[in-house]
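The chains carry the letters A, B, C and D, assigned in the order they are written, with residues numbered from 1 in each.
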Amino acid sequence: MIEVMPETIIDTFSVSRLDILDPEGIADESLLPSLSREDSLRLYELLFLSRAFDGRALNLQREGRIGTYPSILGQEAAQVGSAFALKKSDWVFPSFRETGVHITLGYPLELLFRYWAGDERGLLCPDGLNVLPVSVSVGTHIPHAVGAAMAARYRGDQVAAVAYFGDGATSKGDFHEGFNIAGVYRLPVVFICQNNQWAISVPRSRQTASATLAQKAFAYGIEGIQVDGNDVFAVYSATRQALERARGGGGPTFIECFTYRISHHTTADDADRYRSSAEVEEWKQRDPLERLRRFLEKRGYWNKDYQADLEKRTREMIDQAVRDAESAPAPERSEIFRTVFEKCTPRQARDLEVSADADL
Amino acid sequence: MPTCNMVQAINMALREEMERDDRIVLLGEDVGKDGGVFRVTDGLQEAFGEQRVIDTPLAESGIVGTAIGMALYGLRPVAEIQFLGFIYPAFDQIFSHASRYRNRSRGRFTCPLVIRTPYGAGIKAPELHEESSEAFFCHMPGIKVVVPSGPYVAKGLLLSALRDPDPVIFLEPTRLYRMIKEEVPEGDYTLPLGKARIAREGSEVTVIAWGSMLERVLKVLAPYDAEIIDLLTLSPFDEETILRSVRKTGRVVIVHEAPRTCGFGAELAATIAEEAILHLRGPILRVAGPDVPVPLAKLVEHYLPDAARICAAVDELLRY
Amino acid sequence: MIEVMPETIIDTFSVSRLDILDPEGIADESLLPSLSREDSLRLYELLFLSRAFDGRALNLQREGRIGTYPSILGQEAAQVGSAFALKKSDWVFPSFRETGVHITLGYPLELLFRYWAGDERGLLCPDGLNVLPVSVSVGTHIPHAVGAAMAARYRGDQVAAVAYFGDGATSKGDFHEGFNIAGVYRLPVVFICQNNQWAISVPRSRQTASATLAQKAFAYGIEGIQVDGNDVFAVYSATRQALERARGGGGPTFIECFTYRISHHTTADDADRYRSSAEVEEWKQRDPLERLRRFLEKRGYWNKDYQADLEKRTREMIDQAVRDAESAPAPERSEIFRTVFEKCTPRQARDLEVSADADL
Amino acid sequence: MPTCNMVQAINMALREEMERDDRIVLLGEDVGKDGGVFRVTDGLQEAFGEQRVIDTPLAESGIVGTAIGMALYGLRPVAEIQFLGFIYPAFDQIFSHASRYRNRSRGRFTCPLVIRTPYGAGIKAPELHEESSEAFFCHMPGIKVVVPSGPYVAKGLLLSALRDPDPVIFLEPTRLYRMIKEEVPEGDYTLPLGKARIAREGSEVTVIAWGSMLERVLKVLAPYDAEIIDLLTLSPFDEETILRSVRKTGRVVIVHEAPRTCGFGAELAATIAEEAILHLRGPILRVAGPDVPVPLAKLVEHYLPDAARICAAVDELLRY
């Protein structure tokens, strides 16, 4: 028999959720962020471009023109909406499934294609952008955003650092250590989790027993919120607010974007082995693009001609990027030695010479 | 006798041993319903249930730590790390704990667990999916390290690992998973840990390799009179077989994928230079990866030991 | 300007605390665990023995007869109270500061002295006790308790696993990974944190920004509670309840014992460098032994004769243990090879021979 | 010129460089108010404030990960790990990230950080406080490894490490912290990374050591005509100085604390066996720890290379 002790309650917490735009494209006007017509259309075009890029990448993979690729299908609003709130001066630490973030921030499409084709030079972020190379190792980049935030504060820069990761990453020790340090020092960092309900074959319910991911913030004394991750306005608003809090000295925020991975984990995965198509179909009804399109149509910002033109522009842009990527000369053997250290070690220099000889 | 690839051979070993020994439980990311990202554990959760084939959260240190606790309690857990490049978060668990519980407790508690993980380059995968950092684990007293080179040895070695009273790291060369098919007997057979295999007899030079390099060396050196040793167990390794061969041929080439500096080749060379130097006619040569991270697909073949480098080393030695 | 979004509250949590026996020795009778006179005195004697052992260890260290030693002064109730609730069949994973737990479980005092004197054989736990060797590496043993709990459940054993650790350990990745896995599988494990307010020189407030440690349980969907760690009854009750929950299939519990490290971190530390003596004095007023003594005295279980006799018995026991420890023959060189593997490797065997030769 | 021990010399280097370069920040457990458990950072928080000398939560992976983020942003963080035995939880951060950010980003982002940590046996401390696992870090392309052997070199090497554009692991032999006192100039001087030092010239045998073994070797081999090399930087190590000496003496003994198998001695032996074998008169001998975890106080001297084993190796070689 389990006796239950009456205990004194010494603290209480609550988890909140933000929803603005529903699947029918109807917005809660009281919550709607003040975005111009241009901005709203820009958001739509970025969502569209992200999806189109994704589709092309899947095709290229099937044709053997790029390697394993992780689709972002269904997660476009979480990525575009959050990245749209960033300033150029913010520092971004992406995971490997952030194509929509890269695209929103203006990372060259050509480089993305090159990276996924197995060309390391795809990760050479252009100057002026502070987008770190993708972290293939899940969640282990979270402390780096924390460190960048600490450095920014030390420097007195009004800059936030942002880490992107998935629901699976919340189980990692580095998630914990990074969040905890950010909490202690109230650092200007925003943690954006795309809870797409799956970590390869492991469903969210098996990833952790906490009812929401957002509530994990309580463990670190930081702000946490769940947002509808398929609602680009909710994601944008929550991120903007968190960024302002961060830059203003209000400390870190954890944003759980509640969304869904419509596609397989990557092109090497077969999701039919472990999840039902009914679940996928249900989530397709909550499509982030379609709901924004409906909203724009209702406002009179969207029509078929616009769409046709957008599709044409987008296709051309992607075609060009693929052409550029595929016409880039193959990397040379010396490339593997070039950036390990600032200067090659004597041994590396010798190996580099040997390989140069072998090239002749 | 069925013909099968390494994935199937490992699956067979696990299945058979799970039938024989109810202390064996599997755990790891996606090992259950999905059957593992390479399908190595395919069908095992269906056959043995969720208590014996456990899909874990995404937490490598937690996976190995949990396996350690199970082993201490008396089970024989088999933890899968999805790729060797994701074992580093579990490094502390392996080195501070798995390798030391027997010693720390003066033998009262033991830690018989197996950590299986795909390993090695050449599968056109993203960063950290093609590591070959076996040398780290060979520098850990209390840990054994096994690397099969094909389906038949994979099954026999894995069965030995599963029965070993101490922790074993079992590195499965990913590039070979489906490349080699061999006859693999059903039922029980074991190959002893700590014993190398002469993969081909020869008299002019001893070439030592393991894992996926073995296949490459065998192919590339077909025209040579080389004695090719398939190491199979790296820790503890078979000094006797190596030294016997070296004393016979007087020449040694070691081939491995990992970066040269402090790779496992260094230990082999050092041992030979300690025990058999007077039998050598020339230098001990290592053909290894350069001291750089394993590159992505478009550059990886510039990294891996290739025919040109392997033959150049052998040719050089034959001039002595 | 930071706009604050109105959000929907989707869940709430509260943190509880358990107090039973106050510093004056007055108990909340409605909460008092039903312990016999013998049990109450046994608790007192264990507290007393733990404190006496600790004092002797500090003396021995000063005399150079043992090495660095971590005092448990002030934490006796948290250790004895929790360990008193355990069954022999439970599995215990201690950190390095659990002398009171060892003593309560009947771990031979002689072995404890030997261990702290740098003799590995001190960690050879006698058969019949499932006390794992101490984990010097902070917090990294937490997943082991989780694994043992998983194994116990698989075996169908009605057994709980218990991990002990400090407030500092809650910052470690392994705390997180272990807790999370325990939550997902609702394992029979009890996590006992002695929040002694300091991790060497780092105060609790700098260890984490969460208001309590107990609330970290929410992140894993498990039970969490704070107890007065200087109140042996509260610790005992909370632990017993958690153990029953665990053994009964009710899942893990996290118990934060709110206590204080009265002494230096270890004999190698100088706490005066980083904390005020006023703080220490304040905590001395909440002494766990004294409050139990007062309680027992009020009940008529305690008097001065009893105390004198107890002191004598305790001193004799400790003297004997020190004598046994110090008269044990020094370990032989072969001891370093004996238990690395079940069987020595060929290389170890050779090194063992060499050293045997050298011994001649 | 002040006479000081290694703790003071390291403190001086940190203090001076913090004055010169505001990008230097220190972080770690107890480095601030307490001044570090060995007092290496004593007084620095007082002098430079809490923003530059940061007491962190107890989280090694988080400490190194945070330092990486700071380095990427443009600072030059110095992370202290309290003892080398507690660096393993940060292994992934070091190997998957610190060592690779420059390469991964093709040079766009760099990671100039220093990880300092006390290292080595012989201080009668608890388990995991006396590790010497330097070889792990020498197998990581993208990481440099430095081991000073006394106060003077400690300061000069640390200043170089603090100015290095890439990540450096700086291993401080705990046993020497207060053992050796030397004159250490105030103000700026550097010793280049990657260069060894001839600690004593000799002609009959080359003995290579580093860290606290150097002191032991110098003492024990006083009666011999041995050329003693103090390696100072392990990665990248000074092949030239070693090979020059070996070609001269024809005999090599390597002495290190770490377990023999895959210790850094293996790499040295392998390199010599590759580059200078024809100059050798006898085997390359390693005097190292056996393949066991470092024992506690009562047994540690049975573990460490001692006078008997060091002299026996030299004597054996002198017979060739």
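Heads up, the rule we're going with is that a residue touches a chain if its C-beta (ideal position, glycine included) is under 8 Å from a C-beta of that chain, and two chains touch if they have at least 3 such contacts.
From a predicted model like this one, the values you see are computed outputs, not experimental measurements.
The set of chains in contact with chain A as well as chain D comprises B, C. Comparing chain pairs C-D and B-C by the number of C-beta pairs in contact, the larger count belongs to B-C. Centroid distances built from C-alpha atoms place C farthest away from chain B. Each chain gets one centre point, the mean of its Cα atoms, and the points for chain A and chain C are 42 Å apart. Taking the mean of the C-alpha atoms as each chain's centre, chain C and chain D sit 35 Å apart.
Mean C-alpha position of chain B lies 30 Å from that of chain D.
Chain B and chain C have centres, each the mean of its CA atoms, that are 40 Å apart.
The set of chain B residues that touch two or more partner chains comprises 56-57, 59, 61-62, 85, 89, 92, 96, 103-104, 127-128, 141-142, 236, 261, 290-293. Multi-chain contact residues of chain C, defined as those touching 2 or more other chains: 120, 137, 140, 171-174, 177, 180, 184, 206-208, 340, 345, 347. Taken as a contact graph, with one node per protein chain and an edge wherever two chains touch, the assembly is complete, since every chain touches every other chain. Of all residues in chain D, only 61, 85, 88-89, 91-92, 95-96, 99-100, 103-104, 127-128, 133, 135-136, 138-139, 141-142, 235-236, 258-259, 261-270, 272-275, 277-278, 280, 282-286, 290-293 touch chain B in the complex they form. Those residues of chain C lying in contact with chain A across their complex are 2-19, 30-31, 171-177, 180, 183-184, 186, 206-212, 215-216, 218-222, 225-226, 237-238, 241, 244-245, 248, 250. Of all residues in chain A, those touching chain D in their complex are 91, 93, 120-121, 123-125, 127, 132-133, 135, 137, 140-155, 161, 173-174, 177-178, 180-181, 184-185, 338-342, 345-347.
Taken in their complex, chain B has these residues touching chain C: 25, 51-52, 54, 56-57, 59, 61-62, 64-75, 77, 89, 92-93, 96-97, 101-110, 141-142, 144, 165-166, 194, 236, 239-240.
Contacts from chain D toward chain C in the complex involve residues 29-30, 32-35, 37, 55-59, 61-62, 85-86, 89, 124-129, 260-261, 290-293, 295-299, 302-303, 308-309.
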